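Reviewing the structure listed below.
Per-chain residue numbering starts at 1, and chain names A, B, C and D are given in the order in which the chains are listed.
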Amino acid sequence: MGIIVVNTKAYKEGMGKNAVKLAKIMEKVGNEYGINMAIAVQPTDVAIVAKNTSIDVFCQHIDAIDYGSYTGWISPYAVKEAGAKGSLINHSEHRMKIEDISKAIKIAKKIGLEIIACASNVDVTKAIACLNPDYVAVEPPELIGGDISVTKAKPSIVKNAVSTVKKINSEVKVLCGAGIKSGEDVAKAIELGTVGVLVASGVVKAKNKEKVLEEMAKAIK
Amino acid sequence: MGIIVVNTKAYKEGMGKNAVKLAKIMEKVGNEYGINMAIAVQPTDVAIVAKNTSIDVFCQHIDAIDYGSYTGWISPYAVKEAGAKGSLINHSEHRMKIEDISKAIKIAKKIGLEIIACASNVDVTKAIACLNPDYVAVEPPELIGGDISVTKAKPSIVKNAVSTVKKINSEVKVLCGAGIKSGEDVAKAIELGTVGVLVASGVVKAKNKEKVLEEMAKAIK
Amino acid sequence: MGIIVVNTKAYKEGMGKNAVKLAKIMEKVGNEYGINMAIAVQPTDVAIVAKNTSIDVFCQHIDAIDYGSYTGWISPYAVKEAGAKGSLINHSEHRMKIEDISKAIKIAKKIGLEIIACASNVDVTKAIACLNPDYVAVEPPELIGGDISVTKAKPSIVKNAVSTVKKINSEVKVLCGAGIKSGEDVAKAIELGTVGVLVASGVVKAKNKEKVLEEMAKAIK
Amino acid sequence: MGIIVVNTKAYKEGMGKNAVKLAKIMEKVGNEYGINMAIAVQPTDVAIVAKNTSIDVFCQHIDAIDYGSYTGWISPYAVKEAGAKGSLINHSEHRMKIEDISKAIKIAKKIGLEIIACASNVDVTKAIACLNPDYVAVEPPELIGGDISVTKAKPSIVKNAVSTVKKINSEVKVLCGAGIKSGEDVAKAIELGTVGVLVASGVVKAKNKEKVLEEMAKAIK
């Protein structure tokens, strides 16, 4: 079954009450079409969204820290206790050191958080797959927030990411993202071998969020 | 009126349910002694603590970002909407670029978040005071988490910080921190001219948190 | 006497042999017009430029480190031994943590390196002046590399930076930069109260570097 | 043929004139025993060491930047022009973002710099091997600068790193480091399947550098 992950970034339209509203629309559409829906929110919004909806809530980032003296860093343990199913890490807007990616994934596994690790290209996708995340999301940074979907602009990157990961660590699932805006984009992503998409402005900034999500849900089914 | 700010860091004893428990003890002691109590928590815990207690809730960090494409960074707007009164910034465990300190303070002012900016020494205290935070907390890093209070080990740093800030920007209030563990430490901090203390393990890791807080509250009154 | 500081960044035209060539042109023009000329180069180019010319050589950055286990960070001691007169720090392309700016300046003072610390606005200029660098260079980042000089686009920032620094720490000299390209820009900078300019592409990318430098030298005299 | 790479960090004993002296000792011992010797120095020291000795000179770090507006970052192009054979990257004292490791290696390949990328454990070694450096140096951080060699304390990490890299990218050579101090440590490193060692204080801080290097050279032969 496919998955649609919506990243609300620091968009006004996906923060606080708006995050809850969006998550409820996702819940409705997800139930209607039998699709997995997940929302990746600001750390402050994890608890409120998890409490008010049944969809999977991800944090947008966790830091590679244990319990201890780490003022102001995002604790995986706190994220878990707040009700998160998992977390994005290494988003193109928040790149991480390779050792921290490795450590964050290990901590997450230990406490039962799912990790979606982002990667800009096939090489990095392969490298990250060696570190055992649950998902790798391949997103060419130059296409993020743009008008042309990665599935149209660079289908070969998605395809190669899928086949490379299959060879190196077949337990890791592949998502793609960047410029995803329509059902057609999502259909193409599935066709290229991914299990779903990571989408942000295409949903969060859409005038009619429900309609866009429905179109995507139909396509992924 | 003096203020006691408790920083829960990423301590297990100050996270999630434990953060709420601790905040309730602080609320009780604060009311009893007529003392301002504030707790600085993980971003994920801001909402739950703000909802369940009446004391001031601070986030442990905010990033210097507006609304927009900033995946995984801590949005001041989200922190505000979650119910925070303000935020720590530039803690010794999370130092910031000087331009980001400046920008974070400007955003915070605009949206009504109070800022407690940390500084390691008198020079940096002075520099940060130029950037108009609500509070500067002077904390020599080598004493943080240790057994000797800054008020005993380096009273001259605290005194100089107070007099320097008075000269350069008298609207900025001064706190001190590092190794604060007892009522005596707090009394000395007030005597040196601060409006209160920033304390972490001294309260969060104490066996009898209520007793330590009471002792501090008596001293600060 | 005025000063022109040329920052070669990582431009091909200001690297290695090209850095030496440019420094020799600066030396010639400086001598001709009796103007202080300084070049800020890649760390790898400090020694070769210092050896082959008589103008002041600055490194583009130093890290806030003492002798010790700091692999790959730029040691102030190594920069000094290589023949540098000083270093830029906190350039808009390389912002630093406030505590590191403070520490880097202290180390530099101790070993006799002059520090030019960059700042984006008047507040940060004031804050950095508290940390006792030799120079503050005010450079609004949005004008760096552009076609309109800071002296035309934002003369009030330069003027306010000068008067603020005079009040807070009169031993600190003020430079300005961003978009400086002509003798007219330099003349205006001096008129606004600075001791000179920090310039990059305006000289390094100029077809006729000597002519641009001569024009600037005439204006600063 | 084995290789000994000496990292001078920001040690006084390996900086400036001392770097040249050390490199000359390495040259002498290398020639005597027919051993590859390489020294990884501060960026400011690349040119002077390359000019005065025949051994391979590495920079301790390069940044993942092309030509352009990157003030104060270490340009691979400048490092190459200064005479470097290659560079260390991702040392435990200077960790890099995964995308920057990928980009730095690509730039280095293009311009003919050899890359030694450091890794703390087997997982990260594997991930980095996917990014095609010339060497991976496995160095458990907790043993760096200590008294017990990685080859004694954690031989299985070295062995597993070697076999993992062989499987995933057999063109990548493996080094090991951390606590290497004697000929015995070097002999063990070779026995475990590495092509050599990355050593720092064990040589740079040794009273008799020549003797230590001779002992290591005999062992590696």
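For this structure, a couple of remarks:
In this section, contacts are C-beta pairs under 8 Å (C-beta built on N, C-alpha and C of every residue); 3 or more make two chains touch, one makes a residue touch a chain.
None of the values given here were measured: they were computed from a predicted structure.
Shared contact partners of chain C and chain D do not exist in this assembly. The distance from the centre of chain B to the centre of chain D, each centre being the mean of the chain's C-alpha atoms, comes to 43 Å.
If you average the Cα atoms of chain B and of chain C, the two centres end up 37 Å apart.
The centroid of the Cα atoms in chain A and the matching centroid in chain B are 33 Å apart. Annotation for chain A: residues touching 2 or more other chains are 92. If touching chains are joined by edges, the resulting network of the protein chains shown is one closed cycle, each chain touching exactly two neighbours.
Taken together, the chain C residues at the contact with chain B in this complex read 90, 95-102, 119-121, 123-124, 126-128, 130-132, 168. Of all residues in chain A, those touching chain B in their complex are 7, 9-12, 15-17, 40, 42-48, 59-61, 65-75, 77-79, 81-82, 88-89, 91-94, 144-145, 200-201.
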